[in-house]
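The two complexes that follow have chain A in common; it is paired with chain B in the first and with chain C in the second.
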Partner chain A sequence: MMESKSFPGNVDSLDSLREYVGELSQQAGLAKKPTYSLKLAVDEIATNIILYGYQEAGLNADFAVLSEITDKELVLILEDVAAPFDPLAKDLPNAKDLTLSLEERGIGGLGIFLTINGVDEFSYEYADGKNRNKFVMKIAAT
Partner chain B sequence: MKVTITEQDEIAVVEVTGDIDSKTAPEFERNAKLATEKSQKIAIDLTNVEFMSSAGLRVLLMVFRNIKSQNGKVILVGVSEDIQDVMSTTGFINFFTIVGTLDEALVILKQD
Partner chain C sequence: MTEPTRPPWQQLIYILNQLYNIKIMAFQIESVVEDQVAKLTLHGELDSLSARVFQTEIEKIANQPIESLVLDMEELNFMSSAGLRVLIYSKQKIGPKLSIYIVKPQELIVDTLTKTGLQHSVTIVDQYPV
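== the complex of A and B ==
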């Protein structure tokens, strides 16, 4: 059974969104480091939804966090009603970009890079008029 | 998030308290820019920052470029392990001096 919680689509929600992700991580028994990585990943994708999907498009809407905790994993889905946007379709910085000096590098795609890098699985789909960004964290057996 | 700037012997100290995300990064950026206009020697104290997203990395990039073009120096203070991990993943860590306390940063900045 998926749990669902919705948030207003503006940057004021980011604080409470991260807090909520922290609560879910704790319930799932996730360690401190993966908890931070998940908070960061969710914050980065939610920021894109809020700034580009909603604000830039003049859309005033909520987004939802769906979640499910099992013995093995924490699954979290960000669901929004903005125009279809696949974060994976953008070019990500490659290994060479990340060694470039800070004077010559571009900054685009860094948030999505951190997202993919920080979670065990990340996927995107557009279904029923909604963007669904899915994050999966494996729970280490104790 | 709260940002304060203080000046000590031509060194501008930017102290941040709270999370740096896309809501608060503009305020951090405004203050950091002000600091680089006041001084070529900057310490950014992140001891009381638990969370920083890529919006914060963008501000650090701006500070680095401004300071570099003035032949100045920037030192980061009290960067949490989580944030250091992110700086390491993105390659940012190689371009910044990171120290544990503000006193250490002031000693280094005064030497230059």
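== the complex of A and C ==
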């Protein structure tokens, strides 16, 4: 059974969004480090949805967090109604970009890099007029 | 809507809880500039909302001669790429000679700095002056 909770599409929601992700992680029994990585990943994607999908487009809408906890994994889906945007379509910073000094750096791509890097699976789909960013965290067998 | 009436002791606990929640959740920043060293102490969580506050502080100090930017992160519990962007912005705004020191960052924030290769451009220290 998927659980669903919606948040207003503005940056003031990020705090409560992270808190909610923290609660789900706790229910799923995730350790501190994967919990932080998931919070970071969800925060990064939600920030993109809010700033570019909604605010820049002049769209005033909510986004939803769908989640499901099984004994193997925590699945979390961010669902928004902005124009189709695939975060994976953009070039990620490569190994060379990550060695550049601060003065030489572009500022894009770090968020999605941290997202993909921090979760066990990340995928994107556009269906029924909605963007769906899916995050999967494996639950360690005890 | 009126607040429910509570016995005074409960009211006190309620207020303390509220204050505690505000203290741990909200982002706060204090800054001191002295002898070309800008020391900023960050508390709470640094996301794309609070990064604006951080960036405004950097803009305030950027027109002064600053050699070192010291960021005390001991009380910072979360930092997204919006925070990293302000680090990059600081160097670009204040100048390439700026030294950035990060004092006592939490382990998970060090992970983020390492993964993104930013630890090469900043110095992570236990205290400042080093």
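The rule we apply is simple: the second predicted complex is superposed on the first by the 142 of 142 C-alpha atoms of A that agree within 3 Å, B and C clash if a C-alpha of one lies under 4 Å from a C-alpha of the other, contacts with A are read in each partner's own complex, and residues count from 1 in each chain.
Just so we're on the same page, a residue touches a chain if its C-beta (ideal position, glycine included) is under 8 Å from a C-beta of that chain, and two chains touch if they have at least 3 such contacts.
Keep in mind that this is a model prediction, so the values were computed, not measured.
Q: Overlaying the two complexes on chain A, which is it for chain B and chain C: clash or fit?
A: clash
Q: So, A:36: does it touch chain B (first), chain C (second), both, or neither?
A: In the superposition, A:36 touches chain B and chain C alike.
Q: So, does A:117 touch the first partner chain B, the second partner chain C, both, or neither?
A: both
Q: Counting only touches as set out at the top, which of chain B and chain C does A:8 meet: first, second, both, neither?
A: neither
Q: Overlap the chain B and chain C contact sets on chain A and report the shared residues.
A: On chain A, the overlap between the chain B and chain C contacts is residues 11-12, 14-15, 18, 32-33, 36, 39-40, 43-44, 47, 50-51, 98-103, 105, 107, 110-111, 113-114, 117.
Q: Residues of chain A touching chain C in their complex?
A: 11-12, 14-15, 18, 32-33, 36, 39-40, 43-44, 47, 50-51, 93, 98-103, 105, 107, 110-111, 113-114, 117
Q: Which residues of chain C touch chain A in the complex?
A: Residue list for chain C touching chain A: 25, 45, 47-49, 78, 80-82, 84-85, 87-92, 96, 100, 108, 111-112, 115-118, 120-122.
Q: Can you check the complex and tell me which residues of chain B touch chain A?
A: Answer in residue numbers: 19, 21-23, 51, 53-55, 57-58, 61, 64-65, 68, 82, 85-86, 89-92, 95.
Q: Can you list the chain A residues touching chain B in their complex?
A: My answer: residues 11-12, 14-15, 18, 32-33, 36, 39-40, 43-44, 47, 50-51, 98-103, 105, 107, 110-111, 113-114, 117.
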